[in-house]
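Below are two complexes that have chain A in common, paired first with chain B and then with chain C.
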Partner chain A sequence: MAQGGRRGRGGEEVAPAQAAVGPAAPGQGGALVVAGATAPAARSGAPSGHVQHMTAWRKRRIAGWLFLTPAIAYILFAFALPIVYNIMLSFEETSPATIAHFTAPFAGLANYRYVLGDPTSQAAIVHTFEFTAGSLFGQFVIGFALALLFTLRFPGRTLARSLIIVPWLLPLIVTGVIFKFLFQVEGGAVNQLLFDIGIAQHPVDWLDNPHLALWTVLIANIWLGVPFFTLLLYSALQDVPVEVKEAALMDGAGPWQRLRMVIVPIILPVIEVTLLLGFVFTVKVFDLVVGLTGGGPANATQLITTWSYNLSFQQFNFGQGAALNNILLVLAMICAPLYLLLSRGSLNASSGAGK
Partner chain B sequence: MKLSIRKWHRGMATLAATTCAVVGLSQVASSAASTITLTEEDYFNTPGQISALSAYNKQFEAAHPGVTIKRQYVPFANLDTKLLTQAAGQDLPNLMAVDNPFVPTMISTGLTVALSDLKGFSTKGYYPAVIKEGLFNGKYYSYPVAGANSIALMYNISMLKAAHVSPPRTWAQLVSVAKALTTKQHYGIALTCEPAEDTTWQWEPFFWSNGGSFAKISGAPGVQALSLWKQLVSDGSASKACLNWSQTPAASSQFMAGKAAMMVNGPWNFPTLNLQHWYYGKQFGIVPVPVRVPGQHVVVPLGGEDWMISNTGGSAAEQLAFEYIQGMQSPAKELQLAKLFGYLPAKVSVAQTYLKQAGPEWKVYIDQTLYAHPRTLGLGVKYPKVSQAVWTAIQAALSGSQTVKGALATAQSQINSVLKG
Partner chain C sequence: MTRLQRSPWLRWLCTLAAAGALVVVLFPVYAVIVGSFESTQTLFSGTYYWLPHAPTLDNYRTVVNAQSGNVLTSLIVGVGTALLSLVVAVPAAYALSKYRLRLTVVLVSSLLVCQIVPSIVLATSLFVVFHWTHLLNSYPGLIIADGTYAIPFSILVLRAFFFSLPNEVMQAARVDGASEWQTFRRIVVPLARSAVITVAVFAFLNGWGDFIFALTVLNGSGIQPITLGIYTYLGNYSTDWGAVMASAAFAMVPAGVLLVVAQRYIATGLTAGSVKG
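Then we have the complex of A and B:
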């Protein structure tokens, strides 16, 4: 019943569309569609009424696929092909000598073995974890605090709110260069400030100390990501119904309780999505590191992205670079659903607790 | 109304003229069967280099009717990657100016022409080190572009006078002079230690002049050379910020801004120095890179680019591309190009003439070229990986994440596996 109804509706919808398309585009495309749609139906020798239904339905389906084709082609070409090629590359013994051919000698797991055994790659994987976790934590805490701040009424609020987006608008490589100037040992604004306040007696080698450099890159990235968190969390906070907040207030909930028991559970889905997007943005950070430290000093700020670029385009080991990239892909694919699963659990728990 | 009609007439006339011109052009193009476009890629971006190339292209086009040179500029950092991508697509330009450490890699793609198989190729008169950059399996694949370059120690004359020191010739002098030159306002020397090829290139004169070889980097010559740099930094004579400094423009601008009294750098800085009214013998002087003990030969790495031609199966374009390169190898052209590029001519006799014309600031650079060491010699396509192990060790030692010996031991094991593979 339902199917017939849908089919009927479909027929009605398609007919005027065809009428419109037919005369306007009498080209080859139209002819092809009709021929393709009717020929199999005619061969099957079905009753004419059914044929009409079938052709209308088939036309609709074919039209649907035709409309989908550009999108599918784009996805295949722009996403699937590179990923498949990347996977192929990671199993090949590549070098500039093999680059002129589409395939190279099969290497088995050699590239993966190399990458997993290479101390710099291992360090890059660890750095990527630290960098991602640190960035998300810092961006979320500061972003949420700012979002809460903007829900209060204070003079200059609108201006401050629009200014907060500025870091987000800057190209990453520009941010990298700006932070390079800010964190310079000599003449850097940060060291000057620390001097003036009296915190530092000696210039801090932010970018040149292997133990500090990753922190410096992390600070830059947190600064970059805060506007994104602020904007999304602020708009979520706007959606928290006033009645609920007032009700909580009437029930005698303090500010911390209202935040933890009322506001956070309501905006949790947005927090989830924001963290997930933040994860995606952070895990693929590349330009910022290149602009700030180039992965140095002595690979102390090498991330999976920068090191795989180095393997591919500075050492011309495309297979190893591809292998490391695939490891990143797998890690991201494990982390994201795992995170969603965990947070869904917490969402259920908190909404259950609310009841 | 009248006006609009006139406008319409004028518009139609323009349209007609354009159509005629387009049709005419296409007719010319189709009638001249010998029309060939040569594509060329390089990273040259100084005003002198750009004007030198465009003048040469015009001259070549005038001498070869129907031939067009299409030059494409690609930034230094992107050219290697771009050429490899184009190689993957079998779409290399006819002509490419390749940075010399990358030449063996390009040869290994199998997509470039052995120039020594072509009529008229000769290695006669070139500095051996320069012409051997393109030598592979007994065949030559390249000619130098506008000559070669290397590095030496540049110093700020007034700062040395103020400190009552003379330019250092040995490492011990370098350490003491750099210390004497360090004041509140400036450092003794600006080093280059960023994570990139120019750091290895800067360290090579110290390492090689001391008898070092990459296969035995953890030996005494390497430890001594890296300890020298470490000492300059720990003495405070060189800024630790060098870990993020490129050779040009980062380190060179420290020198020109008066924030460092010395630097190791190349002749391509002359035009910039002169523009800022720094002249040789007045504001700045040049001595060879200091050696550990007097009497050691200064071995500098050899810099510069090489012309390579992509293989198009012996086509007319290939032949023309070779003519294009050969045209630059005449002594007169070499002189002119070297001057505009800020390079040294690649032939011994031309370099001598050049010295007479170009001025005394070139003397050190020209003398050194006799001992210059091609970076890829004996390493070929492995050089980029070896270089990376070296600059990582330099960074590790100077930043303090490893000791000099520890950093070089790490580099040694990396280089060993590169050389084995």
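Then we have the complex of A and C:
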């Protein structure tokens, strides 16, 4: 049935229709909810008199809050409490013994001073920047190229588009392990390929060479993230009105000019949201690196996430781990205001175009 | 683009390019499946065989004994995460889209912010919090932790869906005397079926594939999902690749099944700003 519905509407119709919701979904912020909810409240109020209206309105408000109660409780317990507690931990002198007591002696800025002065933490911060920048660049370029490819009509494109998302569905630790297997020095598929086509005579030590290992992790992460970029950008490209593309063609614009001057400006909001989400995912990558290198060799692929894990769970310095966590949190949150802003912006764009 | 579409040669060139991309995308999956049937000798021969070399079921024999309990654990965690996400997210999304509540904007903004919080930040604190609340090494603890991937995402996706539901539907139910809960339970939830399935599929995949919380809040014997099972095969100097490949093949099964059975929902979920990790 799922298949039938999909094909019936014509493969390309389903995805783009959803895509309008896509990046905009998070942002269907205040604007719509107010518009959606005022109307019925006013309508039900008018005919049924003031007092009745008040009680009905109050009953509905209470119901609304009851519907929200589990979510609020969950957010407080699973997000707010850990974040606050993480801040507390980062100012405490923790040890394996203090964990049982929930609090530890106040340590001032000692944990932050330690983390910022520690060469491995510094390296982890630098690696995180390099890894994030490299991933976003690779994922965007390849993802956009594939998205453009999928806008063309060719035999097999529906199948190709549905299979391209496979990397995104696999558990991240599995991806890490697979790439560890493929990039082995001896008996790895990548070295075998390089040898078979005559590029490399000697096996490349992809994961054991400190100068190469971060590149290898980067390749794996690009492989992992391309489908996400392809799908979101493809959806956005589908929403570019045909008339606009044809008008540009009439004006004699070449393919490159059409892309740069016409298409990119139209889909820019989606590009921004996609890059932003990509940033958020990449900054928190953990499983992939643990599966692939464990942060080695010689900490060459240590990221903030993996080093924080090491500090907290292997050295049992929860205070130091928490301090590093907060640095990561600040780094990730840099984009939060932008995310909120963009989500709201693309909401208006999509509600205009979509309906 | 229109010119391209007329030329059959260029169309086949596009097919070729897409096929090339698919080879890169799917090769690792192929390598796992082939590798899971190879003997230890083949895997450690120093040569990579592109085609099955000497197929054997040895790895699966090893893994079925060692990992079947872990597969069951992962199923419980995946289903648990899906159920928790639905219980928390469906009513919340409904309230945030169809009720005029003062904190709507604040709550939606905080959900967006929740999606940004890295899991390691939560894992470090949850370890201590769970220690304190006796949730370490328990299914409820792991499921609550895994919900941090799925719940903000689920609420936002479902909320976007509820906006498309006409208010008249609820009005009609209320006029007929249905309570707010009955309206929600009997009218709204059935209408939201496809969005609910999308969200459940993703929550399941999140719970099934979670590694970081399993690594931190389980921290011991007892419960062990398949992701942790694979990890324990990875040695610093020697890795039992046969066992790794066979358990990786198991870990990929839900993704494969859902890609076939629930493809429509997966495509929807992905474009709805999917969040992972």
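We adopt the following convention: the second predicted complex is superposed on the first by the 266 of 355 C-alpha atoms of A that agree within 3 Å, B and C clash if a C-alpha of one lies under 4 Å from a C-alpha of the other, contacts with A are read in each partner's own complex, and residues count from 1 in each chain.
Heads up, the rule we're going with is that a residue touches a chain if its C-beta (ideal position, glycine included) is under 8 Å from a C-beta of that chain, and two chains touch if they have at least 3 such contacts.
Keep in mind that this is a model prediction, so the values were computed, not measured.
In the superposed model, A:96 lies in contact with chain B only, and not with chain C. Of the two partner chains placed around the shared chain by superposition, neither chain B nor chain C is touched by A:244.
After overlaying the two complexes on the shared chain, residue contacts for A:316 are found with chain B alone; chain C is out of touch. After overlaying the two complexes on the shared chain, residue contacts for A:338 are found with neither chain B nor chain C.
Contact comparison for chain A: of chain B and chain C, C touches the greater number of residues. When the two structures are aligned on the shared chain, A:299 is found in touch with chain B, with no touch to chain C. Within the superposed three-chain model, A:141 lies out of touch with both chain B and chain C [touch as defined at top].
Using the contact criterion defined above for the overlaid structures, shared-chain residue A:284 touches chain C, although it does not reach chain B.
In the superposition on chain A, A:207 makes contact with chain B only, while chain C stays out of contact range. Common to the chain B and chain C interfaces on chain A are residues 99-100, 180, 186, 294, 313. Taken together, the chain C residues at the contact with chain A in this complex read 1-2, 4-5, 11-12, 14-15, 17-19, 21-22, 24-29, 31-32, 35, 43-48, 50, 87-89, 91-92, 94-101, 104-105, 107-129, 131-132, 144-145, 147-148, 151, 155-157, 159-161, 163, 167, 170-171, 174, 180-181, 184, 205, 208-212, 215-216, 219, 227, 230-231, 234, 236, 239, 241, 244-245, 248, 251-252, 255, 258-259, 261-268, 270-277.
Interface residues of chain A facing chain B in the complex, by the touch rule stated above, are 95-97, 99-100, 180, 184-186, 205, 207-211, 293-300, 310, 313-316. Per the touch definition, chain B reaches chain A in the complex via residues 80-81, 84, 87-88, 90, 105-106, 108-111, 194-196, 239-241, 243-244, 381, 384-385, 388, 392-393, 395-396, 398-402, 407.
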